[in-house]
Amino acid sequence: MSSNTDFEPKIIAFVCNWCTYAGADLTGTSRLKYATNVKIVRFPCTGRIDFLLLLKSFAQGADGIIVSGCHPNDCHYTSGNFHARRRWIAFRSILDLMGVDIRRIQYSWVSAAEGSKWADLVNHTVADIRSLGPYQEYQKIADYLEKGGYHGED
Amino acid sequence: MKIGFYPGCSLTGSSREYNESVVAVAKALEIDLVELKDWNCCGATAAHSMNEELSLSLPARIMALAEEQGLKEIVVPCAACYNRLKVTQHELEDQPKRNRVAEILQMPYKGDLKIINVLQLLEAYGTENIKARITQPFAHKVACYYGCLLVRPHAILKFDRVEDPQSMDALIQVIGGTTMDWAFKTECCGGGFSVSRTDLVVKLSGNILKDASDRGAEALIVACPMCQSNLDMRRGAINKTLDSPIDIPVIYITQAIGLALGIGAKELGLKRHFVTVEL
Amino acid sequence: MDKKHKVSDLQSHTGVEVMRCYQCGKCTAGCVLASDMNYPPSYLMRLLQTGTKENYDKILHSNSIWLCLNCENCLGRCPMEIDIPKMMDYLRTRSISENKMHPDSKPIIAFHRSFLDSIKHTGRLYEVGLIAAFKSRTFRFAQDLNIAPMMYLKGKLHLLPEKIKDRRHMKRIFAQTIENAKTETK
Amino acid sequence: MSKIGVFICHCGENISATVDVERVAREVGGMEGVAHAIDYKYMCSDPGQTFIKEAVKKYNLDGVVVGACSPRMHEPTFRRACAEAGLNPYLCEMANLREHCSWVHEKSEETTEKAIDLVKMLVQKVKKNKPLDSIKVPVTKRALVIGGGIAGIQASLDIANTGHKVILVERDPSIGGHMSQLSETFPTLDCSQCILTPRMVEVAQHPNIKLYTYAELESLEGFIGNFTAKIRLKAKSVDYSTCTGCGACIQKCPVKKIPSEFNAGLGTRTAIYVPFPQAVPNKPVIDRVNCNYYKRGACKICEKTCQVGSIQWDREDEIVTEEVGAVVLATGFDVKGADFFPEYGYGKYKDVLTGLQFERMASASGPTFGEIRRPSDGVIPKKIVFIACAGSRDPAKGIPYCSKICCMYTAKHAMLYQHKVHDGESTVFYMDIRAGGKNYEEFVRRAIEEDTVNYVRGRVARVYEKDGKLIVKGVDTLLGGQQVEIEADMVVLATAGVANCGSEQLAQKLHVSYDPYHFFAEAHPKLKPVETNTAGIFLAGACQAPKDIPETVGMASGAAVKVAALFSNDELVREPLVAVVNRLAPPLYSTCVGCFMCETACPYNAIEHEDIRGRDGSLIKTIAKVNEGLCQGCGTCVAFCRSKSIDIQGYTHEQVYAEVMSLLND
Amino acid sequence: MEKIRERAATLLAEGVVTLVLGYEEGTKRPRPLFCRNSESARKLIFDSRCIHNLAVYLTKKELVGKDRFAVIAPIATLRSIMQLYVENQLSEDKLLVLTVDPSGELRELVTFEDIAGYVEQFELKRGEREQEILSKIDEMSREERWKFWMEEMSHCFKCYACRSACPLCYCSKCVVEVNRPQWINPWPAPLANMEWHINRAMHMVGRCTACGACGDACPVGIPIDLITRKMMEDMAPEFGYIPGQPAKKGNALSTWKLDDREQFIR
């Protein structure tokens, strides 16, 4: 694997509001440090996370993705994370069949009490993605679209 | 009815009468027993006490032979052999173990052979069918002794209830006998210690005989050659440890059924017992 | 499981998790030979749980593992379904390979060896040969002199062994398993 | 074009120490659609909030982003500030610059850039936000309590005493539950019925409580504050409005050999019966399964005996509908049988009893009037063995968990036995003694020290009968595993407490979750022990897990307070973060095609079917509709819908898409 | 065959149904036939060449009308019909299914349970083509798979024939037509093609019955049916279904089990 020490991966994190978002808050209150590469998008529940958002992230230039929510049985909505788990089983399987690099999506359970787990998860994922290098393979096909900056729509 | 037959070593030696009675009863019930060709010993307690791979390979060869000879189902009268075959079949559901054993044996092994004991054979044959052929009801009060190997481990054998099993009792009732609730139905007789630790066998078998005798059993009914030989051939030594000697005979379930079907005592091997059988 | 319990590789070999045992004692309560053992089964489980070399050696040196008849009463009743008989099988092989056998094991091992020898050479058990071999191994020449003639008279003893055809197969199986085991001692 | 206001907080130095807050405000201020961007020391302070309020008015803002701490901290604060300034509160979003940025990174260019990205992300989101109105639902101030044991009784009385109406539904002919079956209670040894019956009478006489006995919940629909319960009143065959409860019918009933449920099978009852003398209501029902008339069409002796003509042969089950605003589940527990333990001989040997049977035997109102006698021959046992954990803590044959009450009731049983049989010997086989509770440990010590109960640590392998004795083969593990054999006259099994039969079906009717053992699941194991995950449904007592009387009563009162708190509102206000199915103009009406796969995905059964009909009333299509009272806003349906026909307010497709696109924008 | 014609004619003549959907002889292969009277029922044929999945028409109201109708369904069509029932797209009082069992007997399947019971007897097997391509894919490295599909999809010109042929693509507005936001661009381009096919596969999880209609329909011969087929083969055992036996309630992704696999989750 190439080292890519100067490569700063872009990583987007899809997390649920009740466990992982709160866990990441705890990382903050505990003043634990982690890499700046990961940015969080907040969802009510992992059950809400649309697989298309993951696909669009790669298209938009993400080198890696974190998806994280409540541990089994701890879901605020009782079973959203169980639905998500199934969705990811299937999604991973399809991506793998199509040759998409599934090592770039890190799934995890981080509870509201696991501030240090969140920091570890971020740091590990950044290191993993850094060693994998930029996801040019996918971004190359996206370039074709004359992808420009996103300015939002009104 | 046609079925494969694995007698096992005891049935060709010290427990010949079990073999004789199985064959005689099968003949009377018109069950065609097809003896497995070139069968080997299952390894019994010795193999699994000493080496796991050996303890799996010996029974595996037997099952592989059966598969090779086109048998789908075999009856195994000896409870020890039955237990070893069933447990091995279960253990070999694990792929790495299966691969290793296949490598040792150099024989294909599918693992789908159906293995049944004598009680299951008789049950499958049908109690109504047996009833129809009774000529001399077996009108005796007896204690059915199952021992260990026929019912345990339940998770693998899935035969009868692990405590207080009933299948042998049911067969005895079919042929006109009376069975009893007693305390040592599934307690160990000392099994494979017959030769090496006779002292312990005498103690354990003594307890079994005493409880059956206390409750007025005229005989003990068994389906395991080890149990039978411990309770019968060791009777002299057992009686030396008891206040009053016990003289109730220990007979195989097939002998009891044979008697009910009107088969002669000699043909059933009843003359081979140490404790005289007068039933 | 933490490293403390790594004194033996019991779990990886047999799947038995000693930490599941909560010492209810039901195995011992129903064990037919518990009173003859150095350590009854539940006590033995506790020794294993300590995870110390010292206690492990105690077990390998004990007669308990040799007196276990594998009658499986304990397993049938264990609320945690711990496979004690399987564990005993494993402990016996360890005891042999580390040469820590209790004196009580002598006749038992001798019997097992004689038994296996018989199978190795003929494929089946040759009882007369077995008894003879056992006696020569244990020097118990007088044992069972009273029942042997009776057995012969009752037609229960063959004077000649029954042999299977493919005896080379038997030898090969033995060579690949028990004789191949590096841990086996003579 | 949007007019977004952006407010970056320094949080003292908490943010500004590592993030260049001025630069954040500057760069975000340059974004398309941002009308105003400032930074300030403490945005959450009064002056800070005033900045926001003033800016909303001055710049006529249609969206606000506050870059500060976690929204889990101050989102309500800033939304309230916006609302006060006349901006819909749901047009306000927060970027988490403190917990997710300044506190977790060192001061650097990257940290500031990340902060900018986070604020920009929320700006793009807020552009897609829509004004939302809170959902208001009215509250029906009547409670339904299911189960008339001590939990249900306590909850009903507590709610009724706050002035609200209660409907109490009990499956059996009388309320009272398991507590009415107990002899004495630990650790005080006061008589169970003596303390319970006054409460039962109070329930019957309370003006705010409507009692339905011999009744079961048929269905429950609706949501918090607005449930509709259908209750099946099983046919009692007796007209309670005329019956005087004289009991003459019971004496004359010829079917006398039915095992009494109340006496745990130790006594018998008749086909027309009152379960026990202190029953409430103290009027009989006819057990149609065993009654001669229902079985064979002839008898009617009770009818001839009844002087007021209360017997109603052709009475049928009746369904009543009740509107309620809250539900308390208090269905209690069941005692697990002991027949799955063949080694203990329960069912085979008459003198092997369950704990509940012993309880009845020790009770003055029981089949032996409080005397301990062997069921087989009526002899007083001189040696008795109690086996603890006969089912509990036994993953192989019983249940893996600890039933919690058995240690204590076994100590009580042994003590009661010693008090009644002075020359008797009692032995308890136990694994651990779990006596956590006020005066509990002292109680067990008293049994051992004063009442000389022989406690042996070890389990029993088996019990068998020989010469009229029960041989108990146990072990003393404290003596290194010494085998113990006792020739006992009676053996009592401390059977486990399990979920009530039918609890699974009931949970499904109520849409509450349950654990693997079918006990109802609380919303949070520590902080929400009486709530369920379904709003408006509360738990009391052993239906949640085995528990003793004081705990049950405490929990019942807790549930009652929750109900009372709910009823203190005339209407409920809920955040409008719920799912909605899109509606379009004809001919499409909605992109929903009605596959209803979302129905199975929804954890709250909030998906309903809506028929779209033409002017002539003909069915055009059936589409999904979200019941906003039930929807909790998880969004699982949204991610599942193939045609994107469902969206969730606050986290719409457009909103999250904009966030993702913005965040990864170079 | 004669029996089918007779039965169809009777059903139409007696007014039990107003339409029988079946096959007639075409120029190269059998083609769909919409019989509205007993006269045209004479043209009906049914043999092993009748593989066109007629289930695709069943959700089209403009074709099947509002009255009760019948469809002649080989096994693949039956599986699609089952799935459509599960998805509330068909009702038992409107549809009558005719099929011919392996022994040549005409079978009339009225209820969903009838169909489920009948379908149960048939095992779903890979054909030679499927076996060949899938085992080839199995042996590829990830990079090779990516290249393989990129090459295949470079031919895709987004005609959406796959969508039209699939009996389960019955949405009135497909996700590619949703433009707020525009998740997937509708025109042909490498990214848009990849996203479309991944999306299609995700939408088919737990639903695809491997009828192969999408693959047959593809004018440029991309083996797209194998994506959804492979998913079905892999996911069915994972979630406790039998391939080719649609789940009777819910969907693999709208239900879950406590012990679903999760070793990929950290």
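General observations
Order of writing sets the labels: A, B, C, D and E. Residues in every chain begin at 1.
Basically, contacts are C-beta pairs under 8 Å (C-beta built on N, C-alpha and C of every residue); 3 or more make two chains touch, one makes a residue touch a chain.
As the structure is a prediction and not an experimental result, all values here were calculated from the model.
The minimal number of chain-to-chain contact steps leading from chain A to chain B is 2.
Path length between chain A and chain C in the chain contact graph, taken as the least number of steps between touching chains: 2.
Each chain gets a centre from the mean of its Cα atoms; the one farthest from the centre of chain B is A. Note on interfaces B-C and D-E: more C-beta pairs are in contact across B-C.
Averaging C-alpha coordinates per chain and comparing to chain E, the farthest chain turns out to be C.
Centrality annotation: D (chain centre taken as mean Cα position, compared with the mean over all protein Cα atoms). Chain B and chain D have Cα centroids separated by 53 Å. Work out the mean CA point of chain A and of chain D, and you get 35 Å between them.
Centre-to-centre, using mean CA coordinates, chain B is 56 Å away from chain E. Counting partners per residue, chain A has 51, 56, 79, 83, 87 as the residues that reach two or more other chains.
Within chain B, the positions touching two or more other chains are listed as 162-163. In chain D, the residues touching two or more other chains are 343, 462, 601, 640, 653, 657-658.
Each chain pair that touches appears in this list: A-D, A-E, B-C, B-D, C-D, D-E. The residues of chain D lying in touch with chain B in their complex are 342-343, 348, 462, 464-466, 471. Considering their complex, residues 22-31, 34-35, 39-43, 73, 77-81 of chain C touch chain D. Within the complex formed with chain A, the residues of chain D that make contact are 1-2, 32-33, 70-72, 96, 98-100, 103-106, 108, 110-111, 113-114, 117-118, 121, 123-124, 127, 513, 533, 577, 601, 603-604, 632-636, 638-640, 648, 650-651, 653, 656-666.
Here chain B touches chain C in the complex through residues 9-10, 12-16, 38-41, 43-55, 57-58, 61, 103-106, 148, 151-155, 162-163, 186-188, 190-193, 195-198, 200, 204, 233-234, 236, 271-274, going by the rule given at the top.
Chain A makes touch with chain D in their complex at residues 10, 12, 17, 21-22, 24-29, 31-34, 36, 39-45, 47-51, 53, 56-57, 60-62, 75-80, 83-84, 87, 119, 149-154.
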